[in-house]
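First, the structure itself, so that you have it in front of you.
Note that the chains are named A, B, C and D in the order they appear, and that numbering of residues resets to 1 at the start of each chain.
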């Protein structure tokens, strides 16, 4: 019974103070829009960078002159290693062909060869979860111990740099995200403080006629949650419009879209934005009410 | 019902009240009279704990106001109806919502609230203003709404600060009758006023305040 | 004489309504902080990407058997072309050496060569302003017309993609920057609206005692500018602290800092943030005053 | 000075004023009297253009209020001093700043303003409250500040709405004398009040309002 009274009071107040509530919802919506824009960019770049990870490959060279049976066996063995996703055999002839095409203009160099000096190899791609340096090093070591595999390697220097960049990028993302969250809470609680400032007399009067603090606060909590909810939906709406415009614009450029496929927020992230809005709205109300409810 | 012992109230260097000792019985009907700036409003403020006394003790219904916890304060205030000099109506709430407030904080049910509010509105002659907002009422109408809110939960103690300052003679009489009725039903009523006429009309006890001190306590002027 | 009265009123009002002004300055500061953070990231990434541009090189091949004199002449000619920054001669021997080191593991391939099949070449780097595709294509065409230079090329596919990415990145930056600016104006004018809402009675009273609209507005304009100024300084202060912390953190990681040198905002950009704050504060006041000054 | 022709003012379905035709001469001292809700405040609002009449014409000092541009409005208002029933003081400005406002809008110099403000503050007996803020004043003190602000720029027309509602007899007399002084120096003074005593004390013209209509215009009750 009590809770319905609080809801009624919360909604009545929204009706009576439309201006204040519209402004608050607007501010929450805009702040969340910044947040959601950040998230959408972060998520997409993360996805793009993640797709680069798939290029991590270990190359295991095979000694000359092993027969097909042995190759099949090795391939089976390699497939059995933990973390290995796919194993492709590249014959010596194929290797030479590839080298020639890579060298393009300088390919003529290879015409002078008497015999193919390149070794055959296995190209080993890894499971997505198996992308930290330690695991990769361990795997390489184990592969090297196999008979008939004199050497295995991966682009160590390149990979190192890439992985550092990745952790750096994620760190920057989390710092920025945290900073934005912090700013969001501040701006929103500032806004709510101003609306309460405009209502400070009302708060005083309620206390004077015998309202307990909880009685005064609960409708504000409800409003904070509602405003956060609305603000979240508003921000997602605006973001979606902006996103659509943006996507239709970049499909006009010559950017290879198949490679760089921009995606909207996942359902989970959308829910997160809304929940975040509600939390921030509620938390902002808590922070501000403290200031205006004196003994 | 109300006892004060050597109460002082100062704002910075300015003494609004000095050495106020009072004993008001349960069920009394009493006036606080004095010129502008005498300290009438300040005295009432101390009684409903709008301000705390600088010195001295105040007992209301056996509760020492200097020691009351902020948790129990709302419950004390529910026993006290106050007509504020500046009305203190909530501008963004309708007349109905304003008057219903003291009933809502004590969790009365909807039907009872509606009945009670329309009853007091009829008493002050403003039943056709239920859904207006206070800024759209005349000064006297606002004052009557403030009175209606103060009496709607039939408080044990009624503090009325200049309750007829914005009212013509006719309306004043209606309001006074309303307060008398409350008094007859057992409430202690304390009216602060500068209006000599109002005070001299009645046979009740009058406390004369001037420059923050009690001058005399009799019923003539 | 008049303007000093307005300044006096503006400052008096700030003294009398500290709460409102602190909140406004705080909000402006935080909004600008978001903006400045965006700018600092954009500027740094832009700088990083810009340094990649320096890698754009045209390679001009030279026919076999030309003598040193001819080479010096060609080099001089090439240096004379508009847009050319530096011209380095790479002899055939040097080219083979480079190729060998590039091929690493497969370098053995080259041991079987009877004679060096690679041509000598010039590596031509370009002026920074000379980085759009059209200019480069034009330059390449002109180089190709030179005698003894059978071909000139540059990493067309790679460069195309890079330049598209660059323009895409800049577009995204400007869109985001614009969006943020828009949001900033909205949030700040929302905040100012709320402070004016709290002062709506004061505004009404001033009109009732015969103040002209301009008389009422000017102190608010002054305040808006001051708040923007303070907000801008606050945001730069916070940003600087965050930046210092961030830089000291990344210098703890193994990231190649010499390559990726993070920089704070330039003086111009700092000035821009402050001026932007003032403009937004002023503009926010303008927008909001309209609402609260009725006839 | 003030002429109204068949003026009506309605708020939605509610008629606050009906068919008001008045002619107030330059230099008159006149009362508008009537019970709570009669329309006194509404009449004053129409005169200082706080509201626009629904029907009819109003002329002030030859200016037709129905036709005045918003550009010229501030200049008309500077000729009219108003004591508002709810005071309309700026809570966040000091007493000095409040009273100085009507002088500042007309760009008087600092020294003149300081002299003038302290003069009127002395007149209403509140010279020691110069730097207080209105919420820290008693009801009667606030009212006197409102009166001081209305007279400080010696307006041609003074509209006072219930100027003694919060004042004791002594202060009321002081305030009335102040208004009389202004009148003697040539101002047209119009006082709205519900106070029968105030009206009956004087020999001036009285307009009786009731339910938005003029009842009579003579000097007895």
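We adopt the following convention: contacts are C-beta pairs under 8 Å (C-beta built on N, C-alpha and C of every residue); 3 or more make two chains touch, one makes a residue touch a chain.
Keep in mind the model is a prediction, meaning the values are calculated, not measured.
Visitor: In how few steps can one go from chain B to chain D if every step must land on a touching chain?
Guide: When the steps are counted carefully, the minimum from chain B to chain D is 1.
Visitor: Based only on mean CA positions, could you tell me how far chain A sits from chain D in angstrom?
Guide: 66
Visitor: Distance-wise, how many Å sit between the C-alpha centres of chain A and chain B, to the nearest whole number?
Guide: Each chain reduced to its C-alpha mean, chain A and chain B end up 61 Å apart.
Visitor: When the C-alpha atoms of chain A and chain C are each averaged to a single point, how far apart are the two points in Å?
Guide: Measuring from centre to centre gives 24 Å for this pair.
Visitor: Would you give the residues of chain D that are in contact with at least 2 other chains, written as numbers and ranges?
Guide: Within chain D, no residue touches at least two other chains.
Visitor: Once you draw an edge for every pair of touching chains, what topology comes out, line, ring, star, complete or other?
Guide: Shape of the chain contacts: a ring, since each chain touches exactly two and the loop closes.
Visitor: Can you give me every chain pair that touches, using the contact definition above?
Guide: A-B, A-C, B-D, C-D
Visitor: How about chain D: which of its residues touch chain B in the complex?
Guide: 11, 34-37, 41-42, 85-86, 136, 138-141, 144, 161-162, 165-171, 194-197
Visitor: Along chain B, where are the residues that touch chain A in the complex?
Guide: Listed in rising order, the residues of chain B that touch chain A are 48, 50, 70, 73-78, 82, 84, 88-90, 92-93, 97, 101-102, 104-107, 149.
Visitor: Going by the contact rule at the top, pick out the chain A residues touching chain C in the complex.
Guide: Those residues of chain A that touch chain C are 19-20, 23, 26-27, 30-31, 33-34, 37, 41, 61, 95, 99, 103, 105-106, 108-115, 117-118, 153, 160-161, 164-165, 167-168, 171, 175-176, 179-180, 183, 186-187, 190-191, 193-195, 197-198, 242, 246, 249-250, 253-256.
Visitor: Which chain C residues qualify as touching chain D in the complex?
Guide: 1-2, 5, 9, 12-13, 16-17, 199, 201-202, 204-213, 215, 295
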